[in-house]
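Next come two complexes built around subunit A: one with subunit B, the other with subunit C.
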Partner chain A sequence: MKILVCIKQVPDMESKFKIDDAGTWYSKADLAWRMNEYDEYAVEQAVQVKEQLKEGDITVLCIGSDKVKETMKKALAMGCDRGAHVSDEDSSLKEPLQIAGVIAEYARDKGFDLIFTGMQSQDRGSGQVGLLVAEMLGLPGVSTVVDFSIEGGVIAAKRELEGGMKACVSLKVPAVITCQLGLNTPRYPTLPNIMKAKKKELISTPIAELLKVDARQGTEKMYFPEKKGGGLVLEGETPELVEQLVKILKEKTSVLS
Partner chain B sequence: MKLLLVAESREGKLLNSSYELVAFARELGADTAMFLVGAEGDLPAYDGTLYLADSGTAGEYNPSCHKSLILEVVEKENPDMVVFCHSSYGWDLAPRIAYSLNAAQVSEVVEVQDGQLVVPACNAKLRRKVKTSTVKTVVTLQAGAFGLTEEPAGTPSVEKINQDSSDGIEFTGYEQAESGGVDLGKATIIVSAGRGIGKPENVSIVADLAAALGGEYGASRPVVDAEWVEHNRQVGTTGQTVAPKLYIACGISGAIQHLAGMKKSEFIVAINTDKDAPIGEVADVLVVADLKQLVPALTEKIKSL
Partner chain C sequence: MEFTREIYWNVGHGASTLIPMYLLTIVALALLVKGIWQRVQVYRTGLPLVRNDQVATRLLRVVDNVLLQKKVVQVAWPGMLHGLFFWGFGLLFIGTVLIVIQADFTDLLFDVKFLTGTFYKLFSIVLDIAGLLCILMLGGLLVRRYFFPPEGLETKSDDAVMHGMLLAILITGFIIEGARMAVTELGTPLAPWSPVGLVVAKAVSPIGENGLLALHKVTWWVHLLLVMVFFYLIPATKFRHILTTSANYFFSDLGPKGKLVNLDLEDEDKETFGASSLKELTWKDIFDGDACTQCKRCQDRCPAYNTDKPLSPMKLVREITRIAHDDPEGNMIELCDKDAIWSCTTCRACQEICPAAIEHVGKIIELRRSMVLMEGEFPGEEVMTAMEATEVNGNPLGMGYAERGDWAEDLGIKTLAQDSEVDVLYFVGCYGSFDKRNIKVAKSFVKLCQAAGVKVGILGKEEKCCGEPMRKMGNEYLYQTLAMENIEMIKAYDVAKIVTSCPHCYNTLNKDYRDLGLETEVVTYTVFLKELIDSGRLRISGGELSCTYHDSCYLGRHNDIYDPPRELLKLAGAAISEMDKNRAEGFCCSAGGGRILAEEKLGERINVKRVNMAVETGAEVLVSNCPFCLTMFEDGVKGAEAEDKLQPRDIAEILAERLG
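The block that comes next holds the complex of A and B.
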């Protein structure tokens, strides 16, 4: 089984964001970076499939600057076999169609049986890339998957719908699957596996070799939303905060009476 | 400008979210036509042409069949924009339609500013104004971002369409949400634990405060996914929708899917170390503090009252 997993490196969402000089993206300075949360489930699922079938080869692909290799190493330490880094200093300017185009161009003719992506990235959050890859390669694509199993090349997957309901689907490989939170329990890489990952293949290709699609959209402006509602913000030491909060609850609600 | 609104139904029942598409079109002052795979017995209150495919034959959601139906309607109506809800139906179909139409797709629109679409970024901490350069655009609307100001009314003029197509994804049935256990919908006070609790042992900090207040405890999704708390306590689009007198969110960032489940609460308190956490947008009070210190102290104080 040949498997491709697409991952993105994103900032920690608890970071203090600033807008960049162009005013069209967040500034990349002083941020902590990690693997897009949804993609951790994608990597884990790929590794579980390989473990279950006792055979397979997993390529992890990431488009971004040299820095994304740190995140790719985590995927290698979780159990991916090789890394395909697509080197691009301006990946934040690429729209989902271009990202998908690069992935499809890479995957074409390589005979992947399964392609896993996250259902969305935490920073851009378009939720488009996986399904666009499926369309470009003419493969069936199933999004928002919370349950996945495979036997004899037949996939049984559950798509998550609103309100906790699920739609069950069945399809054959090759296929594209986009992974939703809770699909599995992503493993923590062990120290020996982190060491082993250092020796795994990690090849960089310049994006120009794979980018054949023009952008159809761009960002005019990125900004902080206006604070609406005007809720109260309390800061200070714990005892005072508790006093203030209890006072407010007494005045504004009936729950303490 | 002309919009094709892609309404939604499940098991033959029209979903109310479909009216958000109408509200969006009104805001743009655009002409519309509507498309629905649904049942003749449950049509939207809508004045205009409704292209209706029977859910009996087009089936419950089947990507390639619904895609070809929509493309057929696009052919007839030639809309400038195809509009979906940003839902499990909409976000799955939209990229497929956009790809076929060579259209730009803008996901999860929250607002229209001077005719331009605005979407969230970075877990709703930021906003992004998008510019597109294609003749047609495909958009999905964030749930709840556009609401009708009046009761939907009207009678559609129905035009039936049908198609047969399959791409090898076979729908094998629905699995209903788990039921039973606590009914958070009945609680007047809810204290919820988010990923900020850090470890499973800390669920008790939150549960203790709930108990001291005579309420129930809930949780955000990561806490449930990690199996620290059972699923029937999850608040949000894929969990419970609640509207208690008091909702205290402990270590919850305020993602849209969580807010959708609790923003109608009468009074909202958020306890978070991050002053910029988006939960601040709906909170009446945001306490900037470490929940591990603040919550136990608050519980003690309340017990002593």
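The block that comes next holds the complex of A and C.
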């Protein structure tokens, strides 16, 4: 079983974000970086499939500057076998179609049986890449998967729908799966695996070799939502709260008049 | 008359006595050596560990704690019973050795007798009283164990054997003496020099001389046989503690107190880390359980045990040794119970009180290391989340690393990146930097430094968690990663002194970081502030304050800093109402050992229990010196519904309000 896992390095969401000088993306200064949360589910699922089948080879792919190799090493420590780094200093300027194009170009002649991605990235959140890859490769794509099993090349997956509904999907490999929260609990890499990961194959390819798709959309502007009147939290014992509320209603509204 | 007695009176000093006696002795000693040798073979299955350097220091520990019984009598009841019994039995042993020397060497070979005259009188009365003392003390211990057993005391067949054997040896000794005196000494001026023997003599004298001679002879041989069986029983029963506990003082950890073994993570030949099986522990880890006397002092003080968690330090240590003897291939982690292993707060109460020099905490950390480093396993998902947060942002709270110095923005202090010419580097720690409640403490400390004219610098976003909670949870890899980054940063700025307001940071920087190359002086804020006051640079004015003081485990037991914080509080006008459990006996807040990262899911809440102890003192303020303690107490006063009665505060806050 040949498996590809596509991951993205994203800023930690606790960071204090600022808009960059061009006004089209966040500034990269003072950010802490980590693996996109949904991609961690993808890595974990790939490793679980390999463990279940007791055979397989997992390639982890990531697009970005050399810095993303740190995040790739975590995927290797979790159990991926080799790393495919697509070197690109400006990956944040690429639109989802271009990213998907690069992945599809990389995967096209390699005969992957399964491709796992996160259902979306925590920073851009387009949710398009996985399914675009499936389309470009002519493979079935299943999105927002929260339950996954495979038996004799047949996948049984559960997708999460709105309102808590689940859809059961059955399909044959090869296929593309995008992973949602709840699919699994990503493992904490063990020390021997961290050490082994340092010696695993990690090959960088310049993005120019794989980027054959033109952009069809561009980001015009990125900005924080305007601050509007905030909420007001009243504190104190119930009788005081009632008094305060009545006062506010009288002063600022006409409901009591 | 000459004051002496005939050795071997009535039993004879000929070959018919000496040959069976010495044959028995040789057999008994041979069995003793064989028993010891068999156990030594088991100790030798452990990994090597050097514990025979600094011989003089080690011997001094043996003198202090074996001969002087210092640790044993620290708990007066029942420690004093053991102490007095030990000293009494020691005198009896010396007395017996003197008899052997005279009868079988000096007298036999050179016709020299020294057990005569005044020396004999003293010899006689001292041994007599020592024997009585032993019986009384043993009786006291027996009554305690069998009639009024304290909670948690385990009584096994070993205990019955030991009590019975010792009592039988002592009582037969007095019967021999009484029978002899009834025939030879009654009515002589020598008799009063054996007061206990005299009472026995008077009691047995009615049976007449022939009866007495027979009684004496039979009892003499019974007594000898009992002593020989006693020798044989030493390695086979808890009697072994006579040898193992004594030896364990020689093999003590000579410090720095509580410093963990630094794992070599770069060692490429190493395939496993931590301990999940016997072969990954040292010989000392196996030996410790044999030195344990099950006195349960550790268990009595363990915050986990006392809040219904599955950990007893005593049972864990003994289980490891049981595995070594009975089940050497067993899975150490399963057998010791994961929940027990995770429950430890590394508060060191067990190790500090142990009268057998056992090292409990290191073993628990080794087991945790195996779970974390080899299995990626934690006590709960929240702990894994905290570990991952620390990997990304350098703090377990998951706050953005770039905001680490934001708390100090308006205080007029700079980061070392802005200005590295400072008197001291304040290593703030994660809670002082990010936690709203503890930021107040950090600000108070800076205010105090500024009042004393001390120029303080911080690392700001260049500081990372010191790694202590991660290390104590077993995550040595993450700890070393953080430590190396911090050390590199600190070294680059070449500061003269580091001050910490978190005892966990203090202990880690001052002890653990030494293994990784940090040489800078590190002081804790309580000592630092005390020095500023003593030198007149900082003035504090007194005001009324009714408080109780909580010794954090890492300032207290781990570093023996008990007085400076109390002196600071007194200078601030505080009247301290001590809790029952204070200083070395202080009760943990629950957050040590990395437990600050974990939810407390088992048993009672430790912090609530501690808060209730503080409430009992009637004090209005609970003063502590540690961000973890403060956090746990802020939560604990809610759990104990004591928010109106008790206010948790840090010592720096108290002082900053009382600047003179």
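One rule holds for everything that comes next: the second predicted complex is superposed on the first by the 230 of 257 C-alpha atoms of A that agree within 3 Å, B and C clash if a C-alpha of one lies under 4 Å from a C-alpha of the other, contacts with A are read in each partner's own complex, and residues count from 1 in each chain.
In this text, a contact is a pair of C-beta atoms (placed from the backbone, for glycine too) under 8 Å apart; a residue touches a chain by one contact, two chains touch by 3 or more.
This is a predicted model, so every value here is computed, not measured.
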#### Entry: First (subunit B), second (subunit C), both or neither touched by A:12
second
- Query: Which of the two partners, first being subunit B and second being subunit C, lies in contact with A:34: first, second, both, or neither?
  - Reply: second
Subunit A contact check, subunit B vs subunit C, more residues touched by chain B
Exercise for the section: Using the touch definition from the top, say if A:219 reaches subunit B (first), subunit C (second), both or neither. Expected result: first
For this session: Mind working out whether A:202 is in touch with subunit B, subunit C, both or neither, as first, second, both or neither?
Result: neither
Which partner does A:187 reach: the first (subunit B), the second (subunit C), both, or neither? second
*asked:* With both complexes superposed on chain A, which partner does A:144 reach: first (subunit B), second (subunit C), both or neither?
replied: first
Both subunit B and subunit C touch subunit A at residues 14, 16, 185
In their shared complex, subunit A is touched by residues of subunit B numbered 10, 60-61, 63, 87-88, 91-92, 94-96, 98-100, 102-108, 116, 119-134, 167-178, 188-189, 213, 215, 221-222, 224-226, 231, 234, 237-239, 245-246, 253, 266-269, 274-277, 280-289, 293-294, 297-298, 301-302, 305
Subunit A residues touching subunit B in their complex are 11, 13-14, 16-17, 19, 26, 95-97, 122-128, 131-132, 135-136, 140-144, 156, 158-172, 181-182, 185, 215-225, 227-229, 231-235, 238-239, 241-243, 245-246, 248-249, 252-256
Subunit A residues touching subunit C in their complex are 12, 14-16, 30-34, 185, 187-192, 194-195
Given the complex, residues on subunit C that touch subunit A span 265, 268, 271-273, 372-378, 381, 384, 387-388, 391-394, 398-403, 461, 476-477
